[in-house]
Amino acid sequence: MPPETVTLSGLTKRFTPAGRPAVDDVSLELPSGSVTALLGPSGCGKSTTLNLVAGLLSPDAGDVRFGDRSVLGLPPEHRPVAMVSQRALLFPHLDVAENVGFGLRMRRVPRRERRHRVEGMLELVELAGYGGRRVHELSGGQEQRVALARALVTDPRVLLLDEPFSQLDATLRGRMRALLRHVQRQVSVTTLFVTHDQLEAVELADTVALMLDGRIEQHARPRTFYERPATAAAAAFFGARNILPGTVVDGRFDCGLGSLVVADGAPDGPGHLVVRPESLRLTEGAARNTVHGTVTSADYRGTYIAVTVTVGDTALHVSAPTSVSVPVGGPIGVHLPPHTCTVVPAARAGRQEGGDHATP
Amino acid sequence: MTPRPVRIGLLLAPALTVVGALFLGGFALGVAQSLGYLPFLDGWTWSVDAYRSIWADPAVRASVALTFRVAVVSTVLATVLGVAAALLIHRLRTARRLVTAVLASTLPVPHLVGALAMLLLLSPSGLLSRVAYSAGITDAPADFPALTADEFGVAIIAEYVWKETAFVGIVVLATLSAGVDELETAARTLGAGPWQRFRHVVLPLIAPGVAATSLLVFAFTFGSYEVPLLLGRPFPATLPVVALQYHQDVDLGSRPQAMALAVVIAVLVGAVVLAYMATVDRFVRRVR
Amino acid sequence: MRRPLATWVLVVGVLLPFVPLAGWAVSGRWEYPALVPQQLSGRGLGLLTDPGSRVLSGLLTSLTIGVVVTVLALLVGTPAGRALGLYTFRGKRGVQFLVLAPAIVPGLAVLLGTQVFFLRYGLADTVAGVVLVHLVPTVPYVTLVTASAFANLDVGYEDQARVLGAGPARVFVHVTLPLLRPALVVAGFFAFLISWSEYVLTLLIGGGTVQTLPLLLFAFVRGADLTEAAAVALLLSAPPLVLVGLVVRHLPRGHGPLIGLGRL
């Protein structure tokens, strides 16, 4: 079956009648066959959103549509979704093949076809021949691959992943991501996955929806979060450590550092200047957009040196190449390349769709 | 989806019906009948005569004393011996499984069987008395000290201790096996001696289990019927035996006394349980 | 060297009471002061297989009541275990207390008042009436064991099965039931054993008409035929010993499930 476009509109869910909603007016469009990461810190409502799409929870307001059909009235077992969660949740009383075939059995697929499809799926997740194993004999990575096979064997049109690799070690996590991307292309399924790891989101997803406090902060391509974050919070989540308050006047940004040239298109008015540590350049000379201060710390970090430069009462974080020598306590210039200086509105005026970037 | 409160209500309904009707209902009916209510008969009146009459009855007073004594002595002995047995078995290096199985073998044996076994062991013509004769200590059954149908209730206590020691011991063993050795080793590296390790590592771990089991042992030994009936004296008998004696009396006029005794048993057990829970709770917290 | 001595004291102390029991069961004559039976006889054990004796019918009655009580106690107690193990709700402590109270308060003390009603409504002296009162000590135990099993049950498994296409009924059959099987087996075995060992409640409601094995044993002890009594006592102890031996390995962690042993 072809993958479905999934549309969430105005989705809201409260767990306590008086409290803040866990999911607050969330609208998202997941194009057919795309991979979308739902990124956010723990407790931001991303898993709740996933459960709303799966049908394990019902929303207080809003709609979930697969294609042009609302699925709100459907219980989880009647939605064309599959889910893989943080814990593999393999049924301990069944062996690997029986686990993978569980969904087919529930759909009363004949035994022979079931076996055939289970074998094919185990092969796809590189576990051919593991069908007869007991689930407690599997390693963590194998468990998650079986869980993935179990989810995909029923040809779901929507695949939901809830931090599927977060309990694996770093090396294994990398291999699992590669496998997931490979499998996802093979079976072509609209995929929504929840993660708190921005690198994982960037590596796997076509688009990333950043969720903070139950709301979508920004939904855009991964690049956009680095180059054109929509809000200060989004910029901070993605590691833009320099966020300075100020005002835009005639395309220039006035702040504690003086008047700076910034990237085009900044509207006049109060705002925040956002610039990543790796965009800044240490310099000796005095050029345009260069400020002068004192080096207060310089820490070796393997691939770069984390430098803090104090300018007046503002601290700038700079990632300098390891080849330069940085004298702590000495004077230094910091160049802010204008095209890397993004200005975001001061007050977060609602949620922002990343404009042209939301649809790949 | 069914709303949550409805779902919880439906899940609880069968059990609450059984417990509500038979347990609470039964207790309420017992209280009513102890106050003079005679179901399906005319001409009854409310009164507290039954309580007055059992209060005045020296047999009942003796029975209360006996019941408490048997229950308290049995509980203390079973608890101490059970904990000791568990600690002993836990430290065994060989045959640990075998000794555990031996200890546990009394658990599933019905108390009635235990009572018969004690009768055959402790009565004047029982096995111990025969051993005493063979050893030249006694010359006749009458020389052997009365251990069954005696005033103190030795055989009753022996039966309870025999079975409940295993109960306490097995529960304590279950709590001990969960990593206690590593904790003791850790305490050792921190300089704790044997007594300190018991007091600060082992005791806090086993205390909740010991508290719960000893409470159950007390409640059981207080309310049990068949063991004192077989191994005790007809006078004074323990409270449950007396209650059923009254109940089986052909004269329906003694029914209220039977019910009053049942209510007294339930209230005494309830009161002891509550008092025990309060003090033991404090004890369990203090040893931690 | 104190440890081996203590171990021997323990082993002898536990096993000693079984000795005269076993001796009497196979003795034909064993008079004071003989230390061993003067004459061995198969009379006691033969009684157990003699269709003419009351033992076989007593065995059948005990088994019937035990099985029916076990099934009913599981059906009644397990849903309550789910409610108490999985959910938090207002009044939960009260419900817990109420459901578990019959495991502590002596059954005789609360059921004495019901006997006249069982009599009036034709349930006294019947197997049905005895089954009903046996639910009082067994349901709390089933609830206790299943509640701790449900508390440890990862509802993620049930959610996962839903997403994989199983409706509520099939989730229960294919996922919940297999996951709970160890707890249900243990709860069922102990419900059976509690019913199997019960004496005074059977006497109270069965009135001596419903002759289970414990009632029969009591009659034999009172009848002073110690060979008969010892043989029936062994018959009464054998199934529990075998059953507990079988399930003891499968006991779930924690001492909650063991508490039922104190009721036997």
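The first chain written gets the first letter, and so on, giving A, B and C; residue counts start at 1 in each chain.
Keep in mind that, in the parts below, contacts are C-beta pairs under 8 Å (C-beta built on N, C-alpha and C of every residue); 3 or more make two chains touch, one makes a residue touch a chain.
On a predicted model such as this, the values are computed, not experimentally measured, just so you know.
**Q** With one step meaning two chains touch, work out the least steps from chain B to chain C.
**A** Tracing touching chains, the least step count from chain B to chain C comes to 1.
**Q** Taking each chain's centre as the mean of its C-alpha atoms, which one ends up farthest from the centre of chain B?
**A** Centroid comparison gives A as the farthest chain from chain B.
**Q** Quick check on this structure: which chain has its C-alpha centroid closest to the centroid of all protein C-alpha atoms?
**A** C
**Q** When the C-alpha atoms of chain B and chain C are each averaged to a single point, how far apart are the two points in Å?
**A** The mean C-alpha positions of chain B and chain C differ by 16 Å.
**Q** With centres defined as the mean C-alpha position, give me the chain A-chain B separation in Å.
**A** Centres of chain A and chain B (C-alpha means) sit 61 Å apart.
**Q** Centre to centre, by mean C-alpha position, how many angstrom separate chain A and chain C?
**A** Chain centres of chain A and chain C, defined by C-alpha means, are spaced 56 Å apart.
**Q** Send over the residues of chain C in touch with two or more other chains.
**A** Counting only residues that touch two or more other chains, chain C contributes none.
**Q** Would you pull the chain A residues touching chain C in the complex into a rising list?
**A** 51, 54-56, 75-79, 81-83, 85, 87, 89, 91-93, 102-103, 105-107, 150-151, 154, 160
**Q** Could you pull out which chain C residues touch chain B in their complex?
**A** Touch list, chain C to chain B: 3, 6-7, 10-11, 13-21, 23-24, 32-35, 75-77, 79-80, 82-84, 87, 89, 95, 98-99, 101-117, 120, 132-133, 135-136, 139-140, 143, 193, 196-197, 199-200, 204, 214, 217-218, 221, 226, 229-230, 233, 236-237, 240-241, 243-245, 248, 251, 253-255, 258-259, 261-264.
**Q** Of all residues in chain B, which touch chain C in the complex?
**A** Touch list, chain B to chain C: 4-5, 8, 10-16, 18-20, 22-33, 39-40, 85, 88, 91-92, 95, 99, 101-114, 116-121, 125-127, 129-131, 133-134, 141, 162, 164, 166-167, 170-171, 174-175, 178, 209, 212-213, 215-217, 219-220, 222-226, 230, 240, 243-244, 247, 258-259, 262-263, 265-266, 269-270, 273.
**Q** Going by the contact rule set out above, which residues of chain C touch chain A in the complex?
**A** 154, 156-157, 159-167, 170, 174-175, 178-179, 181
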